[in-house]
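Down below are the structures I want you to see.
Here come two complexes built around subunit A, the first alongside subunit B, the second alongside subunit C.
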Partner chain A sequence: MSVGHSMPHSGVYARVRGETRFGWDQQGYGDLHLACVRAELAPAHIKSIDPAPALALPGVVRVFTAADVPGEHNLGIIAVSRDQEFLARDTVRQRGQAVALVAAETRAQALAGARAVRVELDKLPGVFTPAEALASGAPLVHPDHADGNLLRENKIKRGEVDAALAASAVTVEAVYSTSPLEHAALEPEGGRAWWQGGKLVVQACTQNPHYDQADLARFLNVPQEKIRVIQAETGGGFGGKLDLSVQPFLALAAWHLVRSVCMRFTREESFLATAKRHPLRMHYISGADEQGRLTALKARILGDTGAFASYGLAVCMRAAVHATGPYHVPNLDVACRMAYTNNGFYGAMRGFGCPQVALAHEGQMDALAAKLGLDPLEMRKINALQAGMRTCTGQKLTAGVGLMQCLERIEPIYRAWREEAPAQDGLSGVGLGAMFYGIGNTGVSNPSTAQMEWGPDNTVTLFTGAADIGQGSDTVLKQIAAGRLGIEAEQIKLCRGDTARTTNAGATSASRQTYISGNAALAAADNLVMNLVEGAREMLGERHLEIELREGMLRASDGRAVEPGEVARHMADQGGAARGEGAFDPNFSPLDPETGQGRPYAAYAYAAQCAKVAVDPASGMTRVKEVAAAHDVGRAINPRAVLGQICGGVVMGVGMALMEEHRPGREGNLQQYHIPTAADAPAITPLIVEDPEPTGPFGAKGVGEPALIPTAPAVAAAVSQAVGKPLRHLPLSLERVMEALSSRGESHED
Partner chain B sequence: MPLKFTVNGSPVSLEDVPGEATLLEVLRERLDLLGVKEGCGVGECGACTVLLDGQAVNSCLIAAWQAQDREVTTVEGLAHGRELHPMQQAFAETGAVQCGFCTPGMILSSLDLVSQEPDPGESEIRRALSGNLCRCTGYHDIVRAVRRGAQRLRGEGSES
Partner chain C sequence: MSRFVSPASLDEALEAQSQAGAQALAGGTDLMVTLRKARLSGGQMPKLLVDLSRLLELQRLNLEGGAPYLGAGLTFRFLESNPLVTERLPLLARAAASVGSVQVRSTATLGGNVANASPAADGLTALVCLDAVAEIASPRGARHCPLAELITAPYQTTLDLDEIILGFALSPPPDPAGQAFLKVGRRGEVAVARLNLAVALDRDMADPRVVLGSCFPTPRRLADVEGLLKGAAPEPALWQKAGELAASHFTDVCGWRSSADYKVPAITRCTAQALSRAWSGLEAAS
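Entry: the complex of A and B
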């Protein structure tokens, strides 16, 4: 059986040979090349676009503008907030928004053409911070949006907060903030489009091929069947490839020119024009009683969602329902607001608002513990969610709550690090972070589907729309299906991410594919077995024979055994096929709009991490030396892949804590925006905790985003300890650390 | 200008290579060696790493003419038919590959390192790979893979 084994990632041998073809590698001979003309300033009114100078250049075939879009201009993942024009019509809302698209024979000619298009813009007054945006009389980013510049407010209300805070033994009030972050997946966006069999085919990097198909059909005003989207092998995503990137441009040009076209974003363009992580400002007032039990939380969270909604609604809601962290808090008054601005748009990034609020809820735990004279780990144990308790949305947790086990797993490491002698030549600190994370989309249906087929030649195929972007869903889904069929995972072929051959599995986001698509694969395997058994009964001529699939054979209670392939041949001869269909949608209930009460998720992942840092008092240079990370994943379908997710998440969290900060509206490249190198990365002790989730496939939940969430708070706590002052604004740049060092001993309140 | 060099052991002769063409462009566009990746175009990410006379370089920063009469190795030149190079094998077995976009460059930088230091320690590996960015793995399993690959190249058995 394959569940629980660390089989290598599906496709790994092609990857080490360099044979894997990512988005840009799809490029074919004779393709036209595309390049965007991007607005230099925003907001602005488009006065005129003159393509003539570009069309006069050698190789330039055509220049497209918004007037060439046959269908809907406004695209976006969340149906109620579609507002992103891929070619701006009258108004440019963010710097770098495309206003025209050039098609030419070579890439150099397309880029030259894009530079030559004459664009006249009239600058309009704009808003660049959420506070500005929400002030009365502020210029509106989307004048037709009902709530002015407020995209959404999400509220969570339980109990009596003010009374509970007044009665608390201690309270802490503090403001935390995080910066815009770039996903910086190693592969910049790229892909190709062409015509085949009367369909427009788009093959590009993506995290959600079936969404791409639906939005491209709207964009071109054609039935979905006319568009086929194939997920190219995708070189990392982290949420950055959930929104459309090159796809609308590819589709539009191929549609009009009836030729194959290809396109990629430069790294600078990727920085300028794709989504970023929402920066949040979080004002928290928390209370606890004398024993350290949390009494109340009042939180006001304000985020910048930039010029387009993208995943802003999801981030807003997720930040609100995770604002308490993984603790029982009886009285709550949380309000999270997202404001439109003319900054580059913010969207999904690994954790959807949870890595941001984790800085605040963990900072509050440390501050309350300090006031009470409690050990920070004790403080977390006292308040940790456990089976039988209710979350902040009133959802009663029944099983699979592994937070306490995570805390216990890191406790010996944490205690040992705390007792180590301080470094001779510098300052050192040890900090904690903990989290819970709802698996799948928040308070909405988010189903997945899958099919399986047992071929007459005994090949077994799993069909899934789930995009593998490097995290390993291909491998894990095969392992789950194989586990159910009692065969080796290597025996299963995969057909993945092609809208002509697979059905919708939803996005590779929200750490949902193992749990949701895994359950769909499990259901497809069950249905396949049922159909094989039926086929075998018919073939053997006994309608009521007991038959089971065991060790690769269909074994009947009368001692006979047949190969599934033989049954599949029999079924094929009858005009059928040995197939199975599966679907899964997590059990949820929507959140009440006023109180935020409901059952947003069917399952939660839990984690606790601790970090050890060293700070050079002369320069402020901070190094994360070690991180121990314990994650409750329910069941590790592929332990090596789980450990890989944990280590990758930790290092991304170190980047968020210490160095990453995107300046809105800047192109930038990896020279200006630093992500951790091998030399920056700490030594990591990843620890797997398995508290089985009763509704998960073989007990599994998810780990992709949880891996990142506790790291930045743990590092911030460790640096705070090292410098002797709480640090509440990320990243902890040299300047911020030096400033903290020079003001040590002053007030601890912001 | 004409360009003559050796690529993955075979002599290559090209006409009309523009003076401003990078080695990356020539390898990908003229020779179809798509295992050479472009991640940033400015020499920061290392995805375009190739070996030039055995030394790891960012092919996006090297003009194609600089490879005149020299030897270039890309990831495509490492395996012998079906048999993987020991470093490729180590990367595949160790969890060092997630999305795989950094992998070709990572493997070639590792080979440059072990050609100079056959038994590199953890900090040497981390230093040597600090010009090759990975956003997926956290480098943990890449470091393990390089140690395992180096050990195999020294002719020692693999540690468990």
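Entry: the complex of A and C
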């Protein structure tokens, strides 16, 4: 059996040996090298671009500008909000936006050429905070956008909030905020493009090859079939490789020059030119009755989407529908707004707004519990979503709601940590975080497709468009298919992420591949079995024979057994093939635009985490000592991969909680922008909870993003306990902790 | 493109270093970052990189008898783990252990840390507390230079282009001494010091030393604080007062910048904490 057994990630040994060929490793002999000319100030009007000084340099072949774009200038991952010019036409909207592209014989020549291009910019008035952006008379980031600088507002309305708050035994009003974050995937963006068989081939690191193909076709104004995108092995994404990065530049240059080209971003360029996590400001008013039951939530959330929409619509909607956290709240008035500014654009990052709102919903739970004199864990148990309850969008949960089990799993650890004697030379604290997370895209169709083939030589192949970016979907999809076919996962070959050979599986995002592409693979396996059985009946000459695939053989009820490979040979002889097709689209209903009511997701993951921290009262230095993390994944297809995701998510959460903060407009690099090192990783106790999801493949849901979401709130709660004051703004930098240490004992109300 | 030489003798190294456009390369953990930036921005690259790692003259270590001496080529990894260093110069061993990561410490050297002259250099703060005098070689012969004279401003030294630091003669406080080194960084490893602090106290409080780094253009001994401590009765109230004095010295020198909101309380408390630790270390040892 393959499902439920730990398997090493497919390709992991090659990675460890350094043999894996990532985006930049695709470069080939004779490739031209590309480098962007990036605007140093924004917003600005482009007065002139003079390529002559660059063209005079040795090795420089061509300088491209927006005038060379044959098709659509505005690209973007969400069809209704395509607004990103990969080569700015008249206006630079954010610092670092590319205005020209240099192709040269070597990388050094391309970089020298990019420095030599003379760009004249006229600075324009801009907006750099959402509040500025939404003020009346503010300069418009996209003058043709219908709602000024407001990208979108999402509302959730249920019941009577004001009356419920007035009748509540306790209420808490507080403001929370989070900072822009960089994904800092180990692999900076890179790739190659060339011509082959009359097609332009682009091979780059990506989370979404089929989207890349569609947008590149739009960019070049050619039919999609003319473009083939192959996902290069991708060294981490975390949402940062969902938007196009190097691909449009590669495609444009290869298109015009009819030569192979390669390109990579430096780390600094990756900071400057790719998406960041949306910073949110969250104003919450929550109420509870005397028993601790939540009565109402009024929330006003304001986010910055930067100069382009990217995934702003998705983050806005997801933040709204997760604003309550994993609790039953009968009365709701939530409004989440996302504003354009001239900051570098914000986009998808592990959790799509949920890690941000989790800080607020968990902070409110602790504050309400403190007012009521309730234990924070009890407070969560009292309000935890359970089967039969309704979420904030009115969706009735029926099964696979494992939150209570998660809370119960961490409870003994939480109690033990709480009772530990305080550290002698420092302050310590213990905090909780819980979450729910809708699997897949919000309130929209987001299907996946897959095919399987049983070859005449008994090789079994799974075809999937799902990009494995290190999270392990290759392995999990093979395990799921193998589980249905009753063979070993190792027996399955994978053909993945190549638009010429696989079909669309949607993005590797929203923790959706195990659940959605897993179901598609399962359906493809089912269909393959059906076709093999048909083939076997035909081969055996008995139309109505009962045949099943068992232990690698097609076994008929009359005792005969044939090898599937033999059937495949038979089918091939007849001009066919032993193939199976599968597709899956989660059952959803769109959200009502006014009330936000609907069924945005078919399945939800749940989690609870508990963190223990130590704070040095002299310096404010904070260390997360231990984290216990219980995650309801429905069913762990590859348990060790689940544990890996949980541990990775926790460490990323430690970064979000304590140190990560990108400052728009400032240079970004890994010297300035701190991500956790091994020395910052706490001791982690990952706990797998399996409350089967009836619609999941073998009961499975996703864990990629849930792993991160509860950590920062748990750490914030623990630090708050250590310093004796609620901390509501991330990261909990030395300065913020010191400020709290210095003002301890002052009023907690804000 | 830079040329790279790895001389096996000091004479060869000095000769190479005297060539126009030569740049000494010790561990390279700061230099490589600078050179990469220069390369990417089209800045000037050195013509010649002179690797100092093979020079035995830079590897000397004497902590037993006679004048204590540390070669400039000793790595932080060596300094944090060598038993003589951890026993005799615990503040230096702690400072060494707080630099970068294991990978960085395995190649980064004490001499490179000084020559780079970052205001936040952990090794530098420790050396200033040990009253180090640099021994410097050039084709013109050797010279000796106290660190306060060698380092004039952030990333600025009085080293001539053809000079190489050989090592450091130390004057630690009289034995037994209690020593402490504290570093505040934004994460557990690979963090530039937000502030660092080296402290040494002898039993008679005759030669107290307090050095604060990452707060001034160069790490410096706090004469006012040392004056307060000298001959005073060691007790928690004294540590607290010393901390407050250290913080007011900081604002006197640097003014009240935005970073002072953090640094004033941090300097106050960390100084008191370091002094208290140094004194308890001294008491525990006796």
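Here is the rule we use: the second predicted complex is superposed on the first by the 749 of 750 C-alpha atoms of A that agree within 3 Å, B and C clash if a C-alpha of one lies under 4 Å from a C-alpha of the other, contacts with A are read in each partner's own complex, and residues count from 1 in each chain.
Everything below uses one rule, namely that a residue touches a chain if its C-beta (ideal position, glycine included) is under 8 Å from a C-beta of that chain, and two chains touch if they have at least 3 such contacts.
Note that this is a predicted model, so its numbers are computed, not measured.
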Subunit B versus subunit C as contact partner of A:52, first or second or both or neither: neither
Which superposed partner A:163 touches (first subunit B, second subunit C, both, neither): neither
Which superposed partner A:733 touches (first subunit B, second subunit C, both, neither): second
A:416 touches, of subunit B and subunit C: first, second, both or neither? neither
Subunit B versus subunit C as contact partner of A:266, first or second or both or neither: both
Contacts of A:678 with subunit B and subunit C, given as first, second, both or neither: both
Which superposed partner A:659 touches (first subunit B, second subunit C, both, neither): second
Contacts of A:21 with subunit B and subunit C, given as first, second, both or neither: first
Common ground on subunit A, meaning residues reached by subunit C in one complex and by subunit B in the other: 266, 671, 677-680
Residues of subunit A defined as touching subunit C within the complex: 111-112, 115, 266, 268, 617-621, 623, 658-659, 671, 674, 676-680, 733-735, 738-739, 741-742
Complex interface listing, subunit C residues touching subunit A: 33, 40-42, 101, 182, 184-192, 194-195, 261-262, 265-266, 269-270, 272-273
Sites on subunit B touched by subunit A in the complex: 33-42, 44-45, 47, 74-76, 78-79, 84, 88-89, 91-93, 95, 97-104, 107, 125-127, 129-143
Touching residues on subunit A, where the partner in the complex is subunit B: 6, 8-9, 11-13, 15-22, 24-25, 183-188, 233-236, 238, 266-267, 469-472, 640-641, 643-644, 646-652, 669-671, 675, 677-681, 684, 686
